[in-house]
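Consider the two complexes below, in which chain A is the common component and chain B and chain C are the respective partners.
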Partner chain A sequence: MIRKPIYIQGAGSISAQKTWDKTFLEDKFIKHSGNRWLCQEPDYSEWIDSRAIRRMSRVLQQCNVAAQLAMKECHLECPEAIIVGTAMGCLEDTWSFLSKMVHHQEEMLSPTAFIHSTHNTMASHLALHFKSFGHNCTFVHRNISFENALTDAILLLEEGEVSKVLVGGADEVTDISFDILSQLGQIRQVESVNSVPIPTNVSGWIAGEGASFFVLGNEQTTASYARLTEVGVYSGFDIEEIKQLAGKLLATIIPGKTIILAGHNGDASEDKITDEVLSKGNGQAPIFKYKTLCGEYGTSSSFALWMAAHMLKNQIRPTNSGFKLVENSDLDTVIIYHQTSQIHHSFILVERC
Partner chain B sequence: MSASVVITGTGIISALGMNGAETLDAFKHHRSGIQPIQYLKTRHKDVFPCGEVKASNDDLAQLTGLSPNLSRSIYLSYHAAREALSHLHVSRLSGLRVGFISASTVGGMDRTEQYFMSSLVDPKSGDVRDTRHHDCGKPTDFVFRQLGLKGFVSTISTACSSSANAMMMASRLLQSDRLDVVIAGGVDALTQFTLNGFNTLMIVDQKQCEPLDRDRRGLNLGEGAAYVVLMRKESAEELDLSAICHLSGYANTNDTFHQTALSEQGNGPFTAMTNALKKAALQPGDISYINMHGTGTQNNDLAEGNAIRRLFHPDYPPLSSTKSFTGHTLAASGGIEGVLSALAIQNGIIYPNYTFQEPVDSLEIRPETKIRTDKAVHHVLSNSFGFGGNCTSLIFSAS
Partner chain C sequence: MNELKENLKRQIVDQLNLKDIKPEDIGDDTPLFVEGLGLDSIDALEMIVLLQQQYGIKMVSSEEGPKVFRSVNSMAEFIESQKGSQ
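The block that comes next holds the complex of A and B.
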């Protein structure tokens, strides 16, 4: 129930695929091995001042460049609002400060890592970088952080006080967090070799990361990718209730004109739920498991939105090896479905414009 | 004209007390909650006084009826949220679209610290499951489920303005008719991480802090949680609930100056206050009381003071920083001060500074030094400014 037309006017992404230079759309998908997939990154020094880079963690560099990519596409120099979703925040700096604090028994600490450890570092860094004095917010609610950020952006654009919003999702995987997730048994223990698609029916998932940013605005331009028509987030419901809610949304599928980007992460018990919810679509639309390309992370739906935007604009569809043109240019709608741990279920609907 | 959003319930836990009544009592008796550290394990125990909630985790577990060994943020958040909802049984919410929006900067960092400390001594001794409490969304999810809610849940983290933004987001979701009732506010427990972090910035006072004073030395950290129950005016009428006040104005801006400092002229704070007044369709002269962000640091009080001077000179309303009683509760501060603002309107109270000697040289600003009950409080401006330039101002108005 988005009450004003909202278009994706620019999109930038740094992910485990070569999204930053868009060769991802042309070439074969990059096949990663191991259970921790790092981003394919550009030479950041071409984008960020070299003195500034030294003080920036990887996720901050990713945010900066993904945001620049999105803004460049629509010739935007200063967004009127900046909204970021991040499930885990600036982990590298958090662990850095925490480790030093424990090792040095609360003495001889420097402020740098602490300053950069706060969750709002990304959004405030972008505000400083683009000199954006407007609304600035950071959502940190697990796997719906990016969806919350989109909701805030939608509200702003509906309220009509701004016309262009920079919104993104970003998370990083670090040595310490990977180790912790492994110890918790959440990471897949068997080696996944060259895994697109990820082998399923095992326990655990593959850790991913990335930053994807979008300029959303009320105006449709020739450069616009697609129209954002729904962001539905459902939390705390039992599976039967979720199936009912999903059923209503999936009932809008027009066969042959819709593709679902689904958040299966390869963990058998998680994927069982994802399948069950999507079964309410009665197989009316092909399902592509987008995390086979980017790995699992809280804000991975932002990567899926980047994909959806390009699929609709370029009329392409993902296969197991790479993108192919859609026959008769018949792709009208992409539905993104993302859930983990069965608490929060989100649907993002994007339509051709 | 957008729908009027009212506050029907409040909940608060801080160094001043376990609920609203105890909090007001502390102000009536001019009792600061800032004391030597009693509960946090830290080597700075005897160096920095803090505004701790006067209860151990075991006490809090018992008080809330929750299981032991949760993160401190969960106990604080649940306790305050339950008080906020005490006027409205969850069964009365059935059929309504309910949301819970909390705010946090540390989440369950206390449990992560435990894990790091034990695994440093012996890599095999730490319990890695402690880290399951780490993320900011964890306490929110826990409380959301514990309250028996389903629907919309979110956590905001914009440093010290976090819970002000939670209330603002709540109001916008209500005005756009996406939700019917929202419990909004925030929580932060005191942790080693934050105490040491702020200490590296050399802005923590070793004595009771003195916000707005010429000789201020820095801030005292605190902890706590506070929530308000928000709904559209019509919903409150349908539920037969009386409004404590309404949230009439809000604005979120970025100062865009520095990661940890505000611009000297307070550009972000000035715009936040100006836009919040505009949103509420009020003039500066309409404000009965300003609950300042007033951390007690050199930088904040000068920047905020300059912004207030730019907007209010020469007719300043009564103002004060209640952080001199609660300490700076970070993500919870906007919630705590929002609840204090609502209680100010409800009870006709203007809060004082705990102490005040001399004004800042370039500013005329003199905070109240004694609690005032001599005038009706119609509109309260509450400021929350944070690292990263995040500035949010809220306006609470009598209904």
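The block that comes next holds the complex of A and C.
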């Protein structure tokens, strides 16, 4: 339980939907084909100085612009703390560095790819960009990286060390990572049907990517999106224990006032577990499968949090084609459930403010 | 010498991923750092790698750097002088 009120004061996202300019909220959802869904991206040169952008890989550009979008919304120029979660880190630069290492027999290595190949490049490059000298951390904890970044942000705010924190989650899919994950049998081998929700009767998921950033703070303002009320992270638990935990959480659902954003990723065995856990809610709240819009990646729950924030602020609900505005809507709570590999599970609760 | 300078300009643009600059935009005597192309210390490291990869020249003294990397002209002269000494 979060001990102090924590509000989402700004939110920015770059994803497989047009989230960066928010047309995603008004237009029909983009239905991708194939098993690798890339981001809908802005012209980064409009956001980042050309001298800086030349060294930045795509995921760093996504982080930078998503962070700028979130900060712009609450007129924040320099965050007191920057915390990022990433499951796989800067894969493009890692591959570039490693391939040059092999090609040049461990000599004459380019410093740029090396510097940017480390995971903590994500938070540190934001600190350099915004000239932030405060707390700076990148969490790399597989599929609960974003949740752990959120937890760190919450602890900082609860302890009163800072009043505003920039926190986000980001991951990229590259040619090499897609190829390796395909060979490992993680990615589905059959061509995906271009539909929302994606069919879940096959093995393997669809690779996605994205970066979503938030400014969290203790003060509620007119611009605040929603209140963050719970972040629960459970690793290595038996599935029956997860179901019990889910049962307690989902028992709080008030019918008609809650929506669940669920992390079904299209893989039949994974989705079976997700369904079992969420069955503890006894169908009291509608379930929307958010990865059907952004694909599967370790920090996709950050995309779900961006969705949840906008759903609560604008009182809109997702359908299979797009968001709809509900008259006299009374949406109070969004519950985000994210699990992959049946090892790491997380719940994020967000409430209307 | 002219061919060497043209090659150097192209290699600098490629190695440093200079998005808004074409090789022909770089004058033979344009300062590469600070007020010229605005390159920085990481670029200096990339240029050292460039010399080694493309021309087989190892910079042994860090004091040589500012003089060698002042412009395309100075880089070309340095490469020529190293060819002569090898």
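To be clear about the criterion, the second predicted complex is superposed on the first by the 351 of 353 C-alpha atoms of A that agree within 3 Å, B and C clash if a C-alpha of one lies under 4 Å from a C-alpha of the other, contacts with A are read in each partner's own complex, and residues count from 1 in each chain.
Rule of thumb we're sticking to: a contact is a pair of C-beta atoms (placed from the backbone, for glycine too) under 8 Å apart; a residue touches a chain by one contact, two chains touch by 3 or more.
Just so we're clear, the structure is a prediction, and the values are computed from it rather than from any experiment.
When both complexes are superposed on chain A, chain B and chain C end up sitting side by side without clashing.
Shared-chain residue A:F139: touches chain B; no touch with chain C. In the overlay built on the shared chain, the residue A:I53 is in contact with chain C alone; chain B does not reach it. Judged by the touch definition given at the top, the superposed model places A:I115 against both chain B and chain C.
When the shared chain is aligned, chain B comes close enough to touch A:A123, but chain C does not. Once chain A of one complex is fitted onto chain A of the other, the partner contacts of A:V190 are absent, as it touches neither chain B nor chain C. Look at A:S235: by the touch rule set out above, it reaches chain B but stays clear of chain C.
The partner that reaches more residues of chain A, of the two candidates chain B and chain C, is B. In the superposed model, A:A268 makes contact with neither chain B nor chain C.
Taking all C-alpha atoms of chain B against all those of chain C in the superposed arrangement, the shortest distance found is 8 Å.
On chain A, the surface patch touched by chain B in one complex and by chain C in the other comprises residues 107, 109-111, 115. By the touch criterion stated above, chain B contacts chain A in their complex at residues 42-44, 104-105, 109, 112-113, 116-117, 120, 128-129, 131-132, 135-138, 140-141, 144-145, 149-159, 165, 169, 172-173, 176, 178, 192-193, 196-197, 199-201, 252-260, 267-268, 271, 386-390. Residue ranges on chain A touching chain B, taken from their complex, read 1, 3, 82, 87-89, 97-99, 101-103, 105-107, 109-111, 114-121, 123-125, 127-128, 131-142, 144-145, 148, 151-152, 155, 158-159, 180, 183-184, 233-237, 241, 343-344.
Across the interface of their complex, chain A is touched by residues 15-20, 38, 42, 45-46, 49, 52-53 of chain C. Within the complex formed with chain C, the residues of chain A that make contact are 45, 50-51, 53-55, 104, 107-112, 115.
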